[in-house]
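Shared between the two complexes below is chain A, which has chain B as its partner in the first and chain C in the second.
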Partner chain A sequence: MPDRSDHTQATLRQSLQGWLWVAPALLFLVVFVYGPALTNIRFSMFSFSAMSLDWDFVGLNNYLRLWNDPKFMTALTNNAIYAAISVTCQVGVALVLAAVLEARVFPNFSANLFRTALFLPSILPVVVVGLVWQLLLTPTTGLIDQILWETGLASWSRAWLGEPDTAIFAVIFVSQWQWTGYIMALFMVAIRAVPRDLYEAMEIDGASGVQQFWHITVPGVRETILIVTIITILGSLKVFDIVWVMTAGGPNHSSEVLGTMMYRAAFRDDMIGYSSTIATVIFFIALTIGLVQIKLQKDR
Partner chain B sequence: MAYMQIKGIAKRYGTYEAVRGIDIDIAEREFVVIVGPSGCGKSTLLRMIAGLETISRGDLVIDGQRMNDVRPADRGIAMVFQSYALYPHKTVEQNMGFALKVAKTPKDEAARKIARAAEILQLGPLLKRLPKELSGGQRQRVAIGRAIVRNPKVFLFDEPLSNLDASLRLQMRIELAQLHRELQATMVYVTHDQIEAMTLADKIVVLRDGLVEQIGAPLEIYRRPANTFVAGFIGSPKMNLLKARVLGTEAGRARVDAAGLVCDVAVDHLPAVGAEVTLGIRPEHLVAGLGASVEVQASERLGGVTYAYGRLADGQPVTVQLDGEHDFAADGGLTVQPQPGRAHLFSGDSGLRL
Partner chain C sequence: MAAARSFPALALLNRILLWAVFLTLAVICVYPMIWLFLNAFKTTNDMFAATWGLPKVWHWENFSTAWNYGISRYLLNSLVVTSATVVIELSLATMAAYALVVLNFRAKAAIYTLILGGAILPPEVSLIPLFRVMAETGLYNTYFALILPNVAFGLPFTTFLIRAYMTGIPGELREAALMDGAGEARIFREVYLPLCRPILASAGLISAMRVWNEFIFALTFVESESVKTVTIGVMSFAVALRADWGVLMAGLALSILPILATFLVMQRQFVGGLTSGAVK
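Coming up: the complex of A and B.
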């Protein structure tokens, strides 16, 4: 019979081997992810400039200041609207589109054409998309306005990116245009994993296409729905590039989001501590959403 | 219950014809088993009956009504899939009641139908469970229950037992036979397993390459296979098909010799003397004793019977079924002869029964 201490030593040896295997990745994460995240929390307790060595400890004052900053509520609201619309479009609409394309309603050629057309925007760089849509949305000379004029809807014409009421919605619309096709492709892959004979059994049971969607497709891809929803919400929370390119948070901060606010504080106003505070808030909101996701997945 | 007529049905995929014009008449309450090797078109035929595949040519008639363009739900059929196709997120009860819910059947009537099917299939205690909480046999029963509650004119089964282990398959086979007796339903059953075909069917349809090779009662097919394909496909172990030469003929009989295995065979069409023919003789119809010598190469002892696999003098492979107690070592070899009246003769060219 093997000695108990031999067994323990063997387990330790195996465990050490395991740690050695994960050590490089762990080191990378500590140096480049967890370390900076913790340092950022520390920064948020100070008031300082990137150009100076003088750091003033302010405790939680940066958080208090942020809470009282009217731009913060605007940004948070815009992020929430961004997330709500993105979940509706990128999860809801993309799932319906994927289900329709996978239901073989259209001939193969048309289905492939739709799929490619819808997916194509996602491979374009965000900056390019932003600039192209800026041109399209230009008042009077832009294609959108031209179409409105030509179709007798001139009264709808406006400076989509220049008016506080429409700026954030125009940006969100462009983001949906870019990413809905990508999410649709993810859903198409998930739908293909649902056994075909379940749909056939439903057909024999007399279920309509809509009933098949609700009773087979939705429960069949619910894991993907959950993951895509979380990714979309996190993406909406961290959004920066498309907003910065199209409106830079304007006009009059109406399309400000947490990302642009943070960037402005750090690189325009040189308030590194305040910027770190915003980053910390984003971090904790994202962390909470991530934990909810893990909990939901464990519950299944 | 309903009768069904399959009239010249064909299925074409591009230039490939998977089913090439099949005619089958299925009487009311008949249990028809469509059997054939993989790729013979049997599942395609069943799916055309179900409405899951379009019919390229021919007509499908159920109870006098042409069904080619009728949607699956309105054909009066129910189908049990090979994979069971149970809705994974619904309980057994919801699975069985889904078609009734879609058809807006009153709740009390639906509950009554589900309860009856559950009683027939002994599913009562499982009604609140999800499919993932059931064994293979239980899932299969739920799939059958889902078909029963629809009270269909015709039940369709697509290799329903092939995912079960051997003992469960035997049990389900018996239960299916009982179910047919109890429901008195018209059933069409597809399988590649000839034992299922022999044990369940009132009528067997043997398919090959999209065409019907033979239709008949199980024992009729076993006793009078129409050609060498059917002869080899029905029966386990498969029939020995030996090259033989016609030694002589007389009224309704031919005397043939296959490497020393000489026998008289009753025929409908007399072959020419000296012609090359195929002698068909089942392993269970060869008896040890005087006759042709067999060089035994391997044997399987199953207890009740022993199968000996060997070669005749000219090298042709032959399988012999022997008594379970038969001792090769003591014999030092094996000589066999056919039981009188049990051999079959087929044309050497076309393979058709003579």
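Coming up: the complex of A and C.
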């Protein structure tokens, strides 16, 4: 048995060693993630442009200005619609699709083929997906319009990305096209971890597939459902690339989201302080979602 | 076994309906890519005349035109940024995970929370201050301007994955090695790293896909053709070629060909790797 001072020394040495091993990772996070996020909050209290030497301290005026900016409400609403549709498709629909593929309704070979086909869009760069769908959605010459013409639905034809009523929905649709299959594959992994005999027992009792889904699959993958829901909501909050590529927030700011609004303010309109204010709002919404997740996981 | 896993009450009609649904979804997911590759061989006029059909004449020169427009350089830049990011990220995450699993030290739980917490913050939140740092330090418009933030924003999830895997490695292995007089660095290198190979492959794949497709840093922190990655490259490409759809589509097709080919050859490993972490 080592005596007390030896023990303390050993603990101290391990502590020091522990810190050394995590230091590089911590350094990266502090310098490139947390530090800038805090600096950003400070920036939001000033009014300045990229080149200006004078920073006007404006306190919370940027926030007041944001609150009164009609574009802010549009953006916030669009993020919310984005989240609602994404959760429905990527959690609801994806889970049902995964349950069907895992229930051996199809022969193995076809089930694998379906999984690969539905997974495929998720490996493509968002930019390429956005540009390809832009071409597909082009009025008259695009594939979607041609399908509508050929099937006698010509009256539905429109400039999906060019009209304020449809632009954001077209973008959201493309995002569902890209990610539903990926989340489905995640759920398939989770469903495979649910004990088989639960299904067998219910089947002996004569339960239908739908009953098995509600009573075994859903409770069995509850943890995954929670995490995927949070990730999807966070993803809808920070969405930027697909919107920027497909509509850049237009036409007439109708498809603006917080990310595009922030980016435009900083790098197009040169209002750095105002842009930081938008980023700070994104920060606090993300923080709230994160805290809710921690709370929900603890309550379980 | 297989019978027990199927829905017993499923009528033939239901089965047909499910087939129809999945076939439709599969076509919707795959056809846009087929459409892209077929139309990449057409002239703009052919495309307007018949966007459905096979090309009447296969215009292979669309691809060489696109290649010479700079796609090759963008692909190279993406390769450099992606491989550097993955190597640095995996090294740092594996080290941190090792300490978090096997060593006992003060504030360990707090440090883990701090690392994981980074996953919540969207890149937008750090973008403007980072941009200023890049400009002031001269990192702006270099590979490092993309590599460093990409590493930082990837670390939380990568550390999470590797740590979860390491907790499954029996502690007795380390204790036995300690008895034999091995230090932590040696145990890390000779015991833990070899055992972690499967999760390192998965985490590396996830990280590589994320960096290869990364957009907002690439849009903000670089501007020269010589450092632009393929995601931003195709954007400028698309602006320059608005009128020449055939060449534009050939360029888009070329830009995704490396990923697509790898995916089709190794789809099982791909799906398996990209979905690891789905269950704890």
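Operating definition for what follows: the second predicted complex is superposed on the first by the 286 of 300 C-alpha atoms of A that agree within 3 Å, B and C clash if a C-alpha of one lies under 4 Å from a C-alpha of the other, contacts with A are read in each partner's own complex, and residues count from 1 in each chain.
Definition applied: a residue touches a chain if its C-beta (ideal position, glycine included) is under 8 Å from a C-beta of that chain, and two chains touch if they have at least 3 such contacts.
Here the structure is a predicted model, which means the values were calculated and not measured.
Visitor: Applying the touch criterion given at the start, work out whether A:Met73 contacts chain B, chain C, both or neither, answering first, second, both or neither.
Guide: neither
Visitor: Which chain, chain B or chain C, is in touch with more residues of chain A?
Guide: Counted on chain A, the partner with more touching residues turns out to be C.
Visitor: Let me test your reading of the model: by the given contact rule, A:Val31 touches which partner, first (chain B), second (chain C), both or neither?
Guide: A:Val31 sits against chain C, while chain B stays out of touch.
Visitor: Contact-wise, after the overlay, does A:Ile216 reach chain B, chain C, both or neither (first, second, both, neither)?
Guide: A:Ile216: touches chain B, not chain C.
Visitor: Name the contact category of A:Glu200: first (chain B only), second (chain C only), both, or neither.
Guide: both
Visitor: If we overlay the two complexes on their shared chain A, which of chain B and chain C does A:Leu64 touch? Say first, second, both or neither.
Guide: Neither partner.
Visitor: Going by the contact rule set out at the top, does A:Leu296 touch chain B (first), chain C (second), both, or neither?
Guide: A:Leu296: touches no partner chain.
Visitor: Have a look at where A:Ala84 lands relative to chain B and chain C in the superposition and call it first, second, both or neither.
Guide: In the superposed model, A:Ala84 contacts neither chain B nor chain C.
Visitor: Shared contact residues on chain A, chain B side and chain C side combined as an intersection?
Guide: In chain A, positions 200, 203, 206 sit in both the chain B and chain C interfaces.
Visitor: In the complex, go through chain B and note every residue touching chain A.
Guide: Residues in contact with chain A: 50-52, 71-74, 77-79, 81-83, 85, 87-90, 98-99, 102-103, 146, 150.
Visitor: Can you check the complex and tell me which residues of chain C touch chain A?
Guide: 1-2, 4-10, 15, 18-19, 22, 25-26, 28-30, 32-33, 35-36, 47-48, 51-52, 92-93, 95-96, 98-100, 103-106, 108, 111, 114-115, 117-118, 120-131, 133, 148-149, 151-153, 155-156, 159, 184, 209, 212-213, 215-216, 219-220, 230-232, 234-235, 238, 245, 248-249, 252, 255-256, 259-260, 263, 267, 270-271, 274-276, 278-280
Visitor: In their complex, what parts of chain A are in touch with chain B?
Guide: Chain A reaches chain B through residues 195, 197-198, 200-207, 211, 215-216, 219-220.
Visitor: What residues on chain A touch chain C, complex-wise?
Guide: 11, 14-19, 21-22, 24-26, 28-29, 31-37, 39-40, 43, 97, 100, 102-106, 113-128, 131-133, 135-136, 141-143, 146, 177, 181-182, 185-190, 193, 196, 199-200, 203, 206, 208-209, 212, 223-224, 234, 237-238, 240-241, 244-245, 258-259, 262-263, 266-267, 272, 275-276, 279-280, 282-283, 286-287, 289-290
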